[in-house]
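Encoded as structure tokens, here's the structure I'll be asking about.
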């Protein structure tokens, strides 16, 4: 007697009914408590789902239909308010569970620090892991205001975990001098301002690798994604991000997980950010899940 | 593996898991296609549910807790876009099913025309039905722009169905001259401007009757409920509407169903309308459901 | 072949087609250039007209229909941007023309300084003029930042023109100490905080007088009228202002003109301020025009 | 005594005073009742006119001045709320009248279904008609939720009316798999994602033809046009749409009518969508009207 | 060469230039990290200061001028993001410093948990302290989601610190059943729904006592204060809160400190909440500071 | 005891503490009283400062850190409301003082007319001055509505002052026919639509010259800068404006002052315009100040 949920705005459209029948699992991470400037991304996952109602199930980019991918939207992990450490532990444990069950984890943030426990779980399973990081901000700080667990540090910690040479950042247009210096000295791969062109050059080098992709919505110019906490002028367009997604889908490598973070609906009065985000999630599902 | 839904914003908080165990059923009616001025109430039910997340389960007004009432949120009836006639039929059939199953129907609009099919279903079951109508607008037109099925006609049709003397309207501050004339001549009971005082005078006369209550959110002043299609200055406060709800809860009569309509989130940038609406729904559940 | 204008949102609903057949003339004064804090009231008249589309033509307050009053909406006076002195001259000349033609002037602001040239034109025609002023602010300054022609001075200038004993201010909850002192010493009639009660006491004293009424929308609490330049907490409700209008309509005196000023749509995302303002204009038309 | 209307925001700037002296007629179609996701485009025409106040009358793109084109803004056709079938009939009849009087019809929507009756009227007059369709969505469905008259079907119906080979769609980035399949199989001309480049290739083929142009504002990325019902990320820029308009103006073909649809002011808090739309209308007037 | 700061919007208007010459100190507490529903109050203090620019320095309520009170706006305490425990320690230490210097502490929040360290500092100095708490929420939880330091617990902790019989809560309309039960059993003084009437009854009992006053802006109805994290329908008006402030100013007791918390500008598009808040701060300064 | 101001949002981040130690001075010009369409830019300077809080101090564009530039944010010049003539005199006098003290003037508007007095002061000091003007509008009118001092005239007046051949306008996409004709006939240098390409061609010609740069934020498309009074579709991106800034920084010429005008926060609900503007100011400081 309850009406069909897969078109209710409560789960991403066309979510399968059960976890068991899914190859990929969408999960929300409603946390923004280490965010300094404008919080609110904790509400991102719910609004991305709601905006998915406006999507077509078929993509002319991928020439595929969502029914061709088996995924389950598990809802939001119930992270404890204000407790960053415990929240990160819960995310790590949850993603580890997904990997153990052979699922493709597709996380929705929430703040970017949430990618850090995911990286740890992914790396335990895939010791040859490479990370593709698409973002406006380098996120390479050692700490932020004395705090190591901050939305400004996850990529630095990733470098320390899997080796800087295995981390590829694209579209970076903001950071401290020290972050850019670290990128240069450590041997990690940081590409400033642009995404599509450097990505096309990098992808052949990742041939056959296991790759995790983390996208911070603020890589887009605020014109395209005003609904984020630390909007930074001078970014790329939605068209360019879609193009990058297609290149990743077609590349000869194995994508083993992905996230989209920092969508903050409070700064998105026209809903354009969540509308765009839901489309990026659709393309992740269509192009990336079955590349494993 | 899916996280608990009763606190997800996808159903009204504390919804029971199944239809079977419920005494009352919350259902959404996402239709606004006969609305003349500012459409958008089709999104009302979803946002009322989402705002319910901010509510306490206990009410100091009723001194009761939501766990004391067994209700199930069934989601939105999938009404066909633009087809008012068919939508109304679906609502009537759905409510009839609820009544057959012995459930208390608690409808969320959507436009006010949606109360009309509910009235029909209720009247078939309760031939002594009285209707309490709380609204800024008389809704007593015979037609609107040549259309009998309009958001301006449901109370007129109710009068014709159950007899004008069984219809009680409160808070009315807008209508055509003909509507006020009809109210006077037909013998229906229309109280202008105020709600609480006339309601207190009327309730003893309804002793022992079966009563259906329909509330149009625009009875509130736009200061309290800007998120509605035909906001009308000079209305009552949220405090007064809560007071009216308590009087109804304590009255010696049998409430057999209720609806809350015309919540339109597009005009509600601060969410204050859906926040208030979710509280009114909580008080309906706590105070009215078990009065049958 | 052009569609009927009286329901287009371009003129106040039910405006007669020509100036000649009208007893009252609605005119806009799109000026806000002396406003210090938040400009934007220049767009007030256009949006009040647009919101009039949502009104019923019949009022249950006055028990009258707009077709019973002959009025013409003349549009906005084309005031020269940034030139306050010339704008005021144009308004004075325009209102003088209306009075010469025997019309009831109903002005829509725009900033409150615009009432000053109207006062001058009214006083020339009605040497026994009394002014009823409903506002949050005393507007009794001698100058503002060195400027005599300011939105803070019109009532002071009115006192100097027609004598302070002929000026009645209601609802005042903001002003300099000197303004309140002037009010007390000069013998003008200033009532703090409230409107309805003091107005009821004052009206009998104005029996038989020619009265001009100027209403600043900010007499309402910001909850009821956020769309204004100098919102001031602690104000009255829309219901109270409507009640004051009815008392004026029923009083034994002659209302010879009126204005409603300081509606600023830029701060009114829900349109509740212009919706309320259009209702106040309707009640002015129904209750005040034919009292001359 | 009424002030000049051609600069009032009530008609598109520089509208001639009478229908008779005009070569082109601007008319609004305030209907959105078959819209599924976010209604509101019924208010589009009025706000486009209002935003025209901010335009220069001269265009450096066309190097022409609006005084060089004789057009009349007829206001909005008074379409009956909720009645799609009758509304479409009224539009068809109205456009037929315009064509009989030798006018260039320039329609403002309202939802895209409104183009369907226009197509019918145009085709009766111009049996060699070609249609240029610029949009994010294919609009090639046979029906939507069981309804043939839907905002998702007008181009399909156009194909059936004038032959798919005479329909050219540009910028399409959303649709069902079946729609793209139909486009391919039927022989219609559908160009995905881009507008300017494929248009430049197509225009020579249309040499000498009678062409009707329909533009859905959502061909723009939501960054440029958030104010629309079904915003779709990944679109073109305003600059590109202006460029397309210029190419059309310079092409060796005869444009015999045009429309701009789906502008929905409720999702346009900054007014950027209506500001852009009014500019596109100006370029239609300057570049297209006298190409007949 | 820097322009005068006391009218810059950067400090509360008429702030003295130095700490030394001040009797009272305004300080901001930009923290919201334990907030569950809608964060954002960390930006409250800055926007209250900015809105103070729109205030008159003279109050007709208190019949006093801000120049009669010597206060210094110290800006915001630089609280470390996400670290609640350390933030609370910093606030406690700061307020202790103010008290040692003989200053009246006037805190601006920020979330309500911030009152807890203030209570501790106040109680050390004034062992006979009574607390007046004006709020929509009881804030009497023992913990929230397992966390003792939460925005839902400060009044419970206050009861435990100074004795429940010394705590007076007004306007409470939301809480768990356990909170209301605790209030009743413990002997604390909790008044539901209303503020002014119970306050008038209580004040004589507090004769001669040292009193700290904490106001949560959400005691106002969302109509008056939409800009807050946990808006709760059914609240009091701005007029009533001003009236309560005046009663406190006239009472025969010694106010030794105060705070105003939970102003969240992100939900305040019309700025009406910060406009009201700045007025409440003015009345605190005028009426309460010199009552010590 | 007052907390550090250079990170308070009250001054541009990293402002030095005193005027004396600065090479450049940031000053606000809060005036918009000659603006015709949508006023509000008077609040631009304050919000640009506030948004600077979200910036990194290091720029990967310039590879420089703000600590390498000594600047002082002097706040807003206290311009008298509504008095354009006097305001312009004050700006001229202020800038003259800065130049006498050897400071680089960096002005924040406010409306574009404010550049006119700056031009006069600059030209007195640098008789070989060239002006680079980046804008959507030509601003070449001789007068606007009979007023010579208007936001539409400053570049015309600049041409008359320093010779049209010394004025370079970029990105112009709006103006009267007469303005474009004047540009052509007078020998000034006006480049339509684009900025970066024509600028790259022009810069070598300005080798060794003293150059003043004035940027109107509306050169950006409204997608990138909705928060401005006369938004004009078809503009450039933030990325392009940043690129133009870098070219200017690297060019072999001496930049002796700059301004950024027409930021109007009232039309900027997502803050994207002020966020972008603060970044442009950072690049001005890093790239232009020490080029003198």
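Letters A, B, C, D, E and F mark the chains as written, and numbering starts fresh at 1 in each.
As a working rule, a contact is a pair of C-beta atoms (placed from the backbone, for glycine too) under 8 Å apart; a residue touches a chain by one contact, two chains touch by 3 or more.
Everything numeric here is computed off the predicted structure, so don't read it as measured data.
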Turning angle required so that chain A lies on chain F, C-alpha fit (0 to 180°, nearest 5): 120
Farthest-lying chain, centroid of Cα atoms versus that of chain C: A
Identity of the chain that, by mean CA position, is farthest from chain D: E
Chain pair equivalent in interface to A-D, over half of contacts matched, among B-D, D-F or C-F: D-F
CA centroid of chain B to CA centroid of chain E, Å: 38
Chain A-chain E separation of Cα centroids, rounded to whole Å: 40
Where chain A and chain C are represented by their mean Cα positions, the distance between them in whole Å: 55
Interface hub residues of chain F, defined as touching at least two other chains: 38, 221, 223-224, 267, 269
Complex interface listing, chain E residues touching chain C: 53-54, 56-58, 60-61, 65, 221, 223-224, 237-239, 242, 269-272, 275-276, 279-280
Touching residues (chain side chain E, partner chain A) in the complex: 32-36, 38-40, 42, 80-84, 144-147, 150, 266-267
Complex contacts: residues of chain D adjacent to chain A: 37-38, 172-177, 180, 192-193, 221-224, 226-227, 230-235, 267-269
